[in-house]
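Below, each structure is written out as structure tokens.
One chain, subunit A, links the two complexes that follow: it is found with subunit B in the first and with subunit C in the second.
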Partner chain A sequence: MVKKRVPALMLASVMALSVLAACGSKDSASGGSTGTGANGKENVEISLWLTPQWKGVFDASEPNADYDSFFKKAAEKFAQQYDKYNAKVKVQVVAGDQRDELLNVNLNGGTPPDIFFESVFAMGDYAHRGALVPLNDIVDDAAKKDIPANYWDSVTFGDNIYFYPFAHNPGTLAYNADMFRAAGLDSLIGGENEIKTWTMSEYEQILEALKTKLPKDKYPNAKPMALYGLNNQGDTWNLAYLRMFGNKFFDDKGNIVLDDANGVKAAEWLQKIYKNGYTNPGAESVSSNDANAMFQNQKLAISFTNAVLFNNAKADMNSGKAPKFDLRLANVPSASGDPLSFTYVVGSNVFNSGNEKKMEVAKDFVKFYSTDPELVKASKNSVPVRSSVASELKDQYPLFAAYDANSKYLFNLTGNVPGYSQLRQLLYPELQAIYIGEKTPAQAVKDYQSKGNGVIQKAKESSTVYKK
Partner chain B sequence: MKLRQQQRRENLTGYLFILPQFLLFLLFIVYPILEGIRLSLYRVDYQNETFVGLDNYITLFQDPVFFKSIVNTVIFVVFIVILTVGFALFVASAVFDKNAKYVSFIRGSYYIPVMVSMVVMSMVWSFLLNPANGLISYFAREMDFSTVNLLGNKTTVMPVIIFVTFATNVGQAIILYIAAMIGVPKDLFEAAEVDGASRKDLIFKILIPLVKPTTIYILIINIIAVLKIFVVIQLLTGGGPNNASVTMMYYLYNNAFKYNQIGIASAVGVIMFIITLMLSVPQLRAMFKDK
Partner chain C sequence: MQLTKTRKKREKVDVVANAIVIFFAVLNLFPLYWLFTSSLKNSSDVIKMPPDWWPATITFSNYVEVFQSQPALRWTFNSLFVAGVSTVLVVAVSAMAAYAFSKLRFTGKNVLFIIFISSMMVPKEVMIVPLFRISQDLGLVNNLFGMIWPNVATAFGVFLLKGFFDSAPDALREASRIDGAGEVRTFLQIMLPIVKPGIGALFILNFVQVWNDYLWQLVIGQDKEMKTLMVGIATLMQDLNPNFAYKMAGATVAAIPMLLIFLLFQKYFTRGISIGAVKE
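On to the complex of A and B.
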């Protein structure tokens, strides 16, 4: 009896202990440094995340070009010349619509990426939340001179710079000039290297002609214009449309002021073009990705685009992935006749991971690829923020001049308000309500403004930038 | 004295045997629940946590979208569970006493959707239902109906989701029912048949009462599963149009991971925990009482 019980007791104790042991030994592998390399320098591994921007190191035509090619190449170059540590960079591409989910999970779990390369407007919230470290110490006078002040403004929150600008992405409309010709709109087609500006009445004339005169045999089921509101992706263009009739959107104090006659008029205009069949059907459950795919497959004549999407679309056409057509750019029209022009600065931020070594390497790496004379040329895939790069490449890329001409019409997309990520989640349900006829445009605009200002107010209270 | 010592030692062995499982249970079930309750009383920023008492709950109950999510979740639970149990009972009682190969075939056909990932199923449905380039809207256009957007319509979005979830769920219930019905002693049916009972009587008076434990089990697991309905919503509708299909789990997810309102998300979690507890306790009690 006793003999039997002893092994049983031992077995039970071993099982219990092994569980405890498993719980205790979990964090020996984490942390930034993993020993010392052969050259005597300490190994430091950092992670870099990015959302899809351009493919290839410099160009999508390179063999095996992918979204992470540039940063892999940059990391290689960085490691070769870096003398403080043996730096290793793990590059990961994450989907734009998953960004906030992934970041929030990792921030709360204490494992944020060290660097994130993304449009600044989508990341401003993290600066307000105190999750980013200021980059003032890696920005020198040479960089401040080469990159115009308005780009520095958009990456500065309070007194600190939180993002190192790399390129910028002006948002415009794209149109299929072949479809315009087929609908008899030759006179309204802009030049190949022009960003065409139409008046509101010209734009409505275009929509009408595309709806009625487009040959059904050549373009079956094609619609004039892209309209979407499934989620927050591509909402920048929706925000631009809401400014079409002169609404300012934000006041000087960073509150939403959409609920006035002009704001309501813009919302009514969106409802009108949707109800009258000038857009793709089902805008309430179509995403911007769907809209872009329909445009590339010539099911839509006008869609949204930005510099990098435009270049990607051209690359897809040249490689035979998408049907070829005459793709051109136009501005979002407005009632005043001036184009509605916006851009988003794309750049890098460093997360406050609490690990000093990792943050040091991350900052050094950001500085390296944001200043290296060869690497910064990759910004040609959107539009360079550096005047030196823009002027060097302007002959090869005539569109740079067209984008530059637009810059005096730029409006500040986000108003740099805190809580912008949550604010983005409020707009599309209201747009859906307009499209399905559940709310009048006036009601939707009113609800958006009151809910939005509530979010901004709450976020202001907890913003570390405002607290200072 | 010696006897008592021996008894104590035997008890100790028993406790040591359940200790590993008990520790895991404490660590992965009890601790997260307590932590969730604690977080629901705090406002959590990246750098600090502030105690706010019941503020998160007050915010929740002032949000019409949260009420909408409760109503939607209840609708989903009621309809999906009734459909699942009803249909599974119908299929199982129709085939359980047939040829074994036929039964296997039926079981297999209904079980395939259960094996396919919910993500894949949702994506297939979203390809079919996409209003701009989906197959269903394409055929509707070909047949000269006006545009069909089942997911963009407030009245059709819920039935569509109920159907999609039911179709992927029902296989499990059918398998369980067929297994339970095959286990019902044959002599009961034979005796009833001798007494002149019809097929209807057999099913309603013998079969269904005898598989009651299975019914309770299916009810509980389905209620709990549907309370957590999320993937279909995330992939098919994103809670839309205008929050018409938002559920509690989706609301929780949005708050936790999109808006980074961990405190509010935890409060939703606590409320869901209480609802689940209230729903399952009477059923569990019924199950144990029967035994």
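On to the complex of A and C.
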């Protein structure tokens, strides 16, 4: 009797769970046209994906601020004034390291998101693959005038614009000025609203002082600088470090040229600071997020940051999530003395879903939140690409001027080469090999260049942009 | 005298062997201990040096934050539902198929079994896109049953249980048939109880496998509410949050159900594996 009860109980449990479970989401994965509304207009549902950027509509201090708050608010505002259809926007936040897996499966399944809001460098490949639709028709003269040409250049592939620029994220170093003071480095601290530029020798002096003079009782087990190589995230700063001794990384034809004396010297420098204890230990198994969390917890004196990470870190301090300290910015130093400065434009693209109505609504929505005078102010969480917004907010955000002053040193981080997503997959294993001593820096650089150029060549051959 | 000496020597060896086993057991358990205790600390205490081996002040705020800022309860339910239903279905389907391959006679049985077993060599990742397209056509994206159905017909389950059915004497089945029992009754009342240890092992192995089936659950459960615990917690780990203890709490929440399953069913697990390994 008891024996019969066990399977019966299991079956009953399964049935009960099935009944209880709201097994399916009420909404479909990708949305679509779903009949007509009471106002006689056709219902069209589109999906928007984004990776975590800033929290809140305008500010992380808003109640219930989350990464999707801005787009939910924008969707609400858009639907109220949109007269073509009853538009519904489903917003989904996707973790950075899940983005490509999810996108590739959905693209192959014919259900890509209608819009993706992301850094252009991370998604340029999708333009080369023909997965995105050009946005030339929603970019008007007013937008072209308000957003400087260099931002339009970075979102243009071949003859077409594939991303509508919203903000940009200049990449810099962040440092804990309190730790600098504690290590006797007062003279090398920049101003509160300055992006400090150090020479290479000053930087090495800083690392040495932080390693040897930082009071152990106040900053136990703290290390001078963040170094990471666990995965493909945060690779942009590693790409900057590899240019420290003058290597230009890409040639004019879009091939990797890291394998020269300067490229090897940079890789050797990374190995040297790691081996000599100037960085966090275990760089090969530390992610960029881990490194930043260690920095925020004052276990590292120097880390990397961009405008949005910097603002998030300040918000964490103000909300008590992280200890408060004097957080300031510096450039990645270089042997030439000029700062190594880069930025990446963040914006929206529209996927070719094959559904004309959805693509029309998606484009209209992108144009709406990228031009609406109130909504574009959310770009202050990074740095606004619109001159009008930057100029309106410059008094409130004095760092905008510092970022602007840096712009003359900008280098093109990705070279706009096709296959960049795959290149990201190649870099971190070579860095890991350097840190664990599996390869010499020279060998790692050589292997990266050889594999990377193979990837670029293949991607060029299949690029719809290059074929034109 | 000689016997006592030998016994004493053996006891000494036992003590040393046990000490080594205990050392490695503690070594294995330490990460779990560290995970759990860290989840009860403040963020700054997690990375304190020298570390606190036990939290100086215990706080549950990290757990509160996990459950308040994320739909972690819903994710837990989703994981339990997907793993539970998948496992019950796998056990049912595998037991029937294994019985057929082991005890019934039909043309092409061996060829069919080899083909079936060969499918174990194809990694699931290769089939993700076709499976996703089928799930879409069936309207099973963002649906828990979409996470379940590809797991139901598992060659491993059939392979495992066939070994158990093979070791059950044919005479039992024949006697049952002579006594007038039909095939279904023979299967349910005579043969199935004999392979209970195998079913227990399959239950646990499959439950663990489905619980950790990250990629498939990631692509099917796209809405926040439809994520499973493993996918949801992985997303949480990517959050730009400097609170290490919060992430530790998330990882603990993901680990606890699996630990409970092992603790509750370890008898079946060890018996199932050891019985399956020896064939007489």
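The working rule: the second predicted complex is superposed on the first by the 437 of 468 C-alpha atoms of A that agree within 3 Å, B and C clash if a C-alpha of one lies under 4 Å from a C-alpha of the other, contacts with A are read in each partner's own complex, and residues count from 1 in each chain.
The working rule: a residue touches a chain if its C-beta (ideal position, glycine included) is under 8 Å from a C-beta of that chain, and two chains touch if they have at least 3 such contacts.
These numbers were taken from a predicted model, which means no experiment stands behind them.
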{"item": "Touching partner for A:435 - first (subunit B), second (subunit C), both, neither", "value": "first"}
{"item": "Contacts of A:105 with subunit B and subunit C, given as first, second, both or neither", "value": "both"}
{"item": "Touched partner set for A:221, first subunit B, second subunit C, both or neither", "value": "both"}
{"item": "Partner chain(s) touched by A:92 [first = subunit B, second = subunit C, both, neither]", "value": "second"}
{"item": "First, second, both or neither for A:323, with subunit B first and subunit C second", "value": "second"}
{"item": "Subunit B versus subunit C as contact partner of A:312, first or second or both or neither", "value": "second"}
{"item": "First, second, both or neither for A:414, with subunit B first and subunit C second", "value": "neither"}
{"item": "Which superposed partner A:294 touches (first subunit B, second subunit C, both, neither)", "value": "both"}
{"item": "Partner chain(s) touched by A:156 [first = subunit B, second = subunit C, both, neither]", "value": "neither"}
{"item": "Subunit A residues contacted in one complex by subunit B, in the other by subunit C", "value": "13, 18, 23, 101, 105, 108, 221, 293-294, 299"}
{"item": "Subunit A partner contacts - residues on subunit C that touch it in the complex", "value": "43-44, 47-49, 77, 81, 84-85, 88, 128-129, 132-133, 136, 139-145, 193, 215, 218-219, 222-226, 234-235, 237-244"}
{"item": "Subunit B to subunit A touching residues, read off their complex", "value": "9-10, 12-13, 16-17, 19-20, 23-24, 27, 43-47, 130-133, 137, 141, 147, 149, 151-154, 237-243, 254, 256-260, 262"}
{"item": "Of subunit A, residues touching subunit B in the complex", "value": "5, 8-9, 12-13, 15-16, 18-20, 23, 100-101, 104-105, 107-108, 126, 129-131, 221, 230-231, 280-282, 284-286, 290-291, 293-294, 299, 421-422, 425, 428-430, 432-433, 435-436, 438-439, 462, 464"}
{"item": "Subunit A - residues contacting subunit C, complex", "value": "3, 10-11, 13-14, 17-18, 21, 23-25, 27-29, 52, 92-93, 95-98, 101-102, 105-106, 108-111, 220-221, 289, 292-294, 296-297, 299, 309, 312-313, 316, 321-323"}
